[in-house]
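Next come two complexes, and both contain chain A; in the first it sits with chain B, in the second with chain C.
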Partner chain A sequence: MQENLFSYVNASPSSAAAGLLAGKSFLLQPNLSVGGWPCEAGSTALEKYVALEDATIVEKIKNAGATLAGSARMAELGLGLSGDSSARIFSEGKCNVALISDTMGEARVTASLARAFGFKPSWGIISRFGLIGLAPSMECSGIMARTIGDLSATLQVLVGSDRRDPSMLQERLPDGAKVDEPDRVATLGVIRECIDTLPAAESSALRSVFPAMEKSGTAICEVSLPDFKQFRTVHNIVGSVEASSSAGKYDGVRYGHRAENAENWNEMYLRSRAESFGLIMKSYLFQGAYFQFRDYTAFEDACRIRRRLVDTTKAFYKDVDFLLFPTRSAAQNQRSPASIDEMYDAFALTLPANVTGQPSLTVPGLLQCDGVDLGLQLVGAYLDDARLLAFAGRLVDTISDLHQ
Partner chain B sequence: MNYEAVIGLEIHVQLNCPTKMFCDCPNRPGDRPNQNICPICLWLPGALPQLSRNAVEKATLTCLALNCDIQPCSVFDQKVYYYPDLPKGFQLSQFHYPLARNGWLEILGEDEKPKRLRIHEIHMEEDVAKLVHETEGSKRISLVDFNRAGSPLVEIVTEPDMRGPHDAMEFLRALRTQIRYVDTAECSMERGTVRVDANISIRPHGSDEMNTKVEVKNMNSIRHVGDAIAYEIKRQTERVNAGEAIRLHTRLWDPEKEITTPMRGKFSGPCVPDPSVPDVVITESWLNELRSRLPMMPAQKREEFVKQYQLTQEEATLMSAERETAEYFEALAGLCQSPRTAAHWISGQLLPALKDRNQSIAETPITPQRLASLLRMIEAEAVNANAGREVFTLLFESNQSAEEIVAQKGLKQVTDATELEAIAERLIAANPGAVEDFRAGKEKSIGFLVGQAMRASQGKANPKLMREIFLSKLS
Partner chain C sequence: MNFQKRSPCGRLGISDVGQEVQVVGWVDALRDHGVVLFVHVRDRSGIVQVVFSPEIAPETCEQASSLKTEYCIAVIGRVIEREKGTENPGLDTGQIEIMASDLTILSSSKPLPFPISEKAMVTGTGAAGTGAVAEDIRLQYRYLDLRRPSLQDNFMKRHRIAKSVRDFLDERGFLEVETPVLTKSTPEGARDYLVPSRVHPGEFYALPQSPQLFKQLLMISGFERYFQIVKCYRDEDLRPNRQPEFTQIDIEASFIDEEFIYELIEELVVRMFRIGGSELPRPFPRMTYQEAMDTTGSDRPDLRFGLRFIEATDIFKNTQYTIFKQILKRNGHIKGINVKGSSDTLSKNVLQNEYAKQIVPGFGAKGMTWMRVIDGKLESNIVQFFSEEEQQAILQRFAAENGDVLLMIADPSYQVVTSALGMLRLHIANRLDLIPNTYYPVWVTDFPLFDPSEEGVTSCHHPFTSPDRTDFDPTNVEELLSLRSRAYDIVVNGEELGGGSIRIHDTNLQHKIFKALGLTQSEIEEKFGFFLTALEYGAPPHGGIALGMDRVVSMILGTASIRDVIAFPKNRSAFCPLTKAPSPVARAQLAELGLLNLGGEQVLPGAEQEGDLLEHLSWVSRIGISENERSTINAALQRAAHLAEVANDYARDEEPLYSVIEVSHIVRDGNEARNSRFAANGELLKNAPAQKGDYFKTANILE
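Take a look at the complex of A and B:
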């Protein structure tokens, strides 16, 4: 049974290196390159593809003493969570930390399903070299862990510029671990237009968390972002356009699945791609190609609105320390959406951080609705990763103290 | 009706960078197929492009050599189309924000007057792989050689300022000269390191309308560009005169039949910004550093040669046309007395000899030092001009110096008066007819006697001295 949860089990998971992650067992996904491991990224397009070398972040965790348990099963090219087994493997206690690519919130939603911490760092502070991605400007590797300590240690190891990923931020990067900040009252902002989209039970569940937080010395305030629903539109347009370009390399010429007996190269392309991609991926790539070829203006509009969303949310952080959202709505289907619309419904609460590139953390155990842990999501200002993790650590400690 | 042509060029220049544009693979497309490849230029999953600093530097130098305004920020886009020569389904190219704009080159128009031809923009672009079509039994197969995939290119887009084959050919020659001066590309159409597409339309003479253009490709020499343009102007004029409309399409030049033929319409995809290649930001200080590294360009060189070495404009143009020729000339002029003699030997002897031998001036065994020692002997009248040309040919065939060759072959000019007088007396006695003619006033017959003397001395006699001796003996 367990075999089926893994796409690849590492037969020799030992590590000799001593370091910050010594003794920690890591679960990966098959879209993260490990030299010699099959890396099919959940797609027939990468059938029998074996990575030639380690992704930069895999090299980093290995050097820090981590052991690699293997790769989970995952949704096609990391879009959504259909067929993803990371949450189950994690819940069964098979590993300490999982690295899960986060394109629209996959790492954080998985963590909320597994009742764990899930973190998507600021865009550009950890290397994407070796990540078989889909929407480069939206995605990065996320971290799922049982404790803030494991999460911070992992981030500290992963952060750092990489010659092999020149798209990374070139300035000073935030350190995952060190935060020297006096205890003070932190203010959390809740976006009114976001709360309005939630089912009544979930929005009152969220409000019911506020008193405990305020008692623990945190202020809550409401902010307004009438454009909130644009996050989803922007992600849908820009994400699908980038996906259409990124998936252009899956042509069956150099690797992956190639259709048999094609008459010419054009037919080989068409049939190989038709046989490779699933329904959701096909729709998504078609949609991206539509914006590229037929409605480029819409894409340009989306890019412009994206910049406005980045600026608007940035301005919030003058008055609030972090924004607060649920990680997911139990009313939505995160596991097997039947259409792109359903998929976007399912990740509507996490994808804003992918659009803005801001760091985002889901905290387990603080936001329940009808016995389901929805995950309490905190989003920080760009590059405020370390302070976000530090604050979450204090919040969890003080609230559990209050409960005892 | 009288028509004039409106011509613009799109020129792809392959930069002579040591590595490719987005990876460290050697930039040697001609090597054994698929030898210079890596996960990045094959675009394996998980690879990310790493823009080469050297490529940006050479591209920028090229733009400076073509008098462009360098843009402080330029951006790579994905030019999307699907073809087996394109390993990732898009080509990285600067579509929306190019590296440079507003350049120009000056040529001499057909009327011999200077004419400035403008460059609209120059952008960086990666080359695509090469397809080789073969058959395996009865089956047609296509093989892909990725050596060229990711080679650094610049694309130069001119304004439609050219009016005929002459303008286009002169523009390409001037472009090649400028680029070879900054040494950023080989720039050889024959070897495919520069590829030229011409956009051609016609309009009534004197009109300023822009009509539907036709693109012509597949020319592999500057001469072919001129021929293809001339043919296309003639073809379009005939069509328009026959009442047909010109349709926007692409044609291929057929160098065998000397005609253009229509090719299948090329699918042109969209251009979307690439999220993984960082913006190319060029600071003023870096640009100044590049400017300080620019060599003296041909126009300045020409003026300098006129001033410093007293060459004529024509000689100076010849000596400055190529950077290597200019450097050779400067070296040679510094080693012998007369810079003009040096220029004449380079244009009259050295360059034609190199062409015959398929050698470049940079790699020829006739170094400026070896040629200078010969020129010094000629200047000192140690050898005469005829013997000098013979020695020059021999310089190609051995490592000996000019002095050694002259000594070994006994070509040293005879200037010993007694020896020459003995020859003169012998010839006067043997040629009474010529002597008679001279005394009768036919001055030309002295030339005959000098020629005889040169033959008798096996070319070693000093002809000037010999002439004087004949004159004094016969007067």
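Take a look at the complex of A and C:
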């Protein structure tokens, strides 16, 4: 049973190093390279692939004293959560912290399912070297933990530029999670057009949280973003194009799956890749190919809308400290979508932060609807990661004080 | 700026010391010595070192500090002799340098996509080469690639070779006459490049695969001796060292025979090779097609080394060795080669496990028989099956001596025996380094006129080639296959440099050939009508030849690829990374050419919006799909089309945002080439689905 939840169990999970993460047990996913571990990233495309060296962030947590428990099972190349076992392993208490790649909200939705904290940092402050990615401009490693303390400590260890990841932010990286901010009234914004998309029960559940928050010294205000639905359009177009490009390297030549007995190169590519990808991934790659080869203008248009969404969202932060969303809707199927569309329905509330690269945290226990914890999602301004975590810590403390 | 007094960089020398000179050119390399700046200035003639010193001209020196590689500059200065010990023997001008007094930056250059400089500034240090630069990048910036002196030198030589061809043929009374590029499809066997006609909608010109019919028409016109250095076009499948357009030296003459062509071409080829510094001995040896096939297994034999085939079929006519016995029962053949004195290098293990089991089956033969000669006797895994008589006959026939290795291939098909043994011959020669670095030209003659085909026969060469006799019955296939043609190929080192033939000038004979080929009267009329008509007006006896210019030049200069002797070549996929040709065209352009709905029922790809979108995307992204996946993927594609519409509706004129971080240039530390340690220790291959030695193994390259 245990073996079925894990794709790889570390037989010798020891760590000699003392450090910020000493004694913490980490769960990884098989799309994060650990030298000598199988890293198939949930895809036949990487059949039997064994990583040659550690990802930068794996090296970092090892050096900070973490022990590695093993890798969970995961959805193909980290798109969605089909077949992902991180939430289950985490709920069973087999580890303290999990690193989960977040392409459209996977880390945060997993955390909300496991009733834990889930955090996607600002894009570009954590190295992606050694992460087997799919949508490079939107994905990054997310962190799931039981306490804000573990989350902050992990973030502090992970943040930092890496010469081997030239896509990272080159200047002024935020200094991990050290923030001592004097208490002051924070303002949270909710996007009207987002609330409008929720089932009635869930939107009233969200509104019912406001009084307790206001009592704890937080102001709530409503903002309007008429383009809210376009986050999803942009993510789908950009994500599928980037996926089609990224997956281009899985040709069965240097590693991964190769179809048997092909007569020539083209046949080898066609058949190997036919056998390499599952139907959801294939649909996504074909959508990407459609934009790349049939309608490239659509990709450029999506990137134009992306700029507008980034700019509009940024402007909100003149008046609010953080934006507030549910992490997921119970009406949607996050675990086994049957189509790309269903998957986008399921992650519609988390993917905006992937489009804009902003830090986003799901907080457990604060937003319930009919006994289901939907996860309260806070989205901070770009690079405001530390303040976001500090605020969430205070919010959890004061609200639980109020309840007592 | 006045350039009239400029001195070519590469021609300056000791005799110019003390002179004030102007040089212009590109900054090949720079070396900053703190105070003093050294610059290599390069023009077509070569490189000279210029020194900028604050003691000589402080302002100029200040100005020079902004120089970067490949800036185009003009410098005025005085030539001085270099100090003892600072000479650069790697440069023709290494004895001197120019103390700059004046600098003009004619134009600046963006940072280069790859290094261009080939000359080190300090003796003993390496200059950057382009060895590791991907060829497509070189072709994309071909104008920069061509700045490299080694490449420029290829084109200077190519020019000299072309000029020697023109001079020589002019001496011999040949006229260069141009033939059309927009013409009618000609019968050369390869696919034509078609050019749609706007004036005649739905009709096409073809680009010539060779000016074959036109040069024959020029003979009928009475020009007697024609030549042309001409571009030809063939839409062939991808092969290494092929270009969709190529240059050929095209020659045709009247009232001549084969000997005229041999003498003319030998002298021509000798003169061409002389420009590359090689002297070819004349006359060139000749070999019939049959002899070439019998002794080397190839109609373009590489004769720089021995390993000629030895016939062994008769030795085994009564053999008890089952494999040979069965092959001979089916009228098979046995041939072999003697690899002299190689029993040390070709061990039992190599012969049995590498050659017999892997390499030779890859050449199409079922197996290979090997024997080593030790102490005057044959030794191998099967020698016990041969009678004493047979063993003696083998030793004698192969002139075998101690240390020799005999290799034989037996097969029911003569073609399999010769072709596999031919490839084995080349493989062994390469492996044992038996091929001397020299040129070995040979004429191959007496080709068969026809090849057998399913319906009868096809022309080996083209249907205008004269047969060796005219009294044949065009309906008797067996007799047709016994005919020889009056064709000849010139072959050097196993590569065909060119070929030609004496042509048919008699209409009746021409019709007889067409009849043999099974062409109907209307087919003949449609394909060659104009030419047959011309033959009826007193055509002179004539013949000619064509040489592949790119290939000859490449061979003379010893370049790795013919792309190194073509200024703007296509890459291996017949694509031009510089201009991005071929490229799609606007629907409007197709409409104007009447190509949107050609011939009513033949709909061109892309003419209908839907077309076979799924198939197309499956092909371009190289992802196969199965029947049961189609509906899901089609639904995803419909959704994608919808998303595209939405995006189009919502997008305004913002600049597209591709990354939430401002894109910036990042340069890694150092400028040494870096190799992955996993490449060095071989672990890089650890994850390969199949590998062989130090390489990734894949399917066949050729389709």
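In this text, the second predicted complex is superposed on the first by the 404 of 404 C-alpha atoms of A that agree within 3 Å, B and C clash if a C-alpha of one lies under 4 Å from a C-alpha of the other, contacts with A are read in each partner's own complex, and residues count from 1 in each chain.
In this section, a residue touches a chain if its C-beta (ideal position, glycine included) is under 8 Å from a C-beta of that chain, and two chains touch if they have at least 3 such contacts.
Since we're looking at a predicted model, the values are computed, not measured.
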**Request:** With the two complexes overlaid on their shared chain, look at chain A and say whether chain B and chain C clash or fit.
**Result:** clash
**Request:** Tell me which partner A:Tyr269 touches in the superposition: chain B (first), chain C (second), both or neither.
**Result:** both
**Request:** Tell me which partner A:Ile237 touches in the superposition: chain B (first), chain C (second), both or neither.
**Result:** second
**Asked** With the two structures laid over each other on chain A, which partner does A:Ser224 touch: chain B (first), chain C (second), both, or neither?
**Response** neither
**Prompt:** After superposition on the shared chain, which partner residues are touched by A:Ser204: those of chain B (first), chain C (second), both, or neither?
**Reply:** neither
**Request:** Return first, second, both or neither, reflecting whether A:Arg128 touches chain B, chain C, both chains, or no partner chain.
**Result:** first
**Request:** Spot which of chain B and chain C makes contact with more residues of chain A, would you?
**Result:** C
**Request:** Examine A:Ser400 and indicate which partner it touches, taking first as chain B and second as chain C; both and neither are also allowed.
**Result:** neither
**Message:** Once chain A of both complexes is superposed, is A:Arg163 in touch with chain B (first), chain C (second), both, or neither?
**Reply:** both
**Item:** Touching partner for A:Ile340 - first (chain B), second (chain C), both, neither
**Value:** second
**Asked** Does chain B (first) or chain C (second) touch A:Ser137, or do both, or does neither?
**Response** both
**Prompt:** After fitting the two complexes on their shared chain A, where does chain B collide with chain C, if the options are 81-89, 207-215 or 261-269?
**Reply:** 261-269
**Set intersection of chain A contacts, chain C complex versus chain B complex** = 49, 52-53, 137, 163, 166-167, 244, 248, 251, 253-255, 265, 269, 293, 303
**Message:** Considering only the defined contacts, which chain A positions touch chain B in the complex?
**Reply:** 33, 39, 41, 46, 49, 51-53, 55, 128-133, 136-137, 163-167, 241-242, 244-245, 247-249, 251, 253-255, 265, 269, 292-293, 296, 299, 303
**Prompt:** chain C touches which residues of chain A in the complex?
**Reply:** 48-50, 52-53, 123-124, 137, 163, 166-170, 227, 230, 233-234, 236-237, 240, 244, 248, 251-258, 262-271, 273-275, 277, 279, 282-291, 293-295, 297-298, 300-308, 310, 339-341, 356-357, 382
**Complete:** In the complex, the residues of chain C that touch chain A are 613-614, 616-626, 629, 632-633, 635-637, 639-641, 643-644, 646-648, 650-661, 664, 666, 668-669, 678, 683-684, 686-690, 696, 698-703
**Complete:** Residue set of chain B touching chain A in the complex reads 39, 42-51, 78, 80, 82, 84, 87-90, 142, 144, 269-270, 272-278
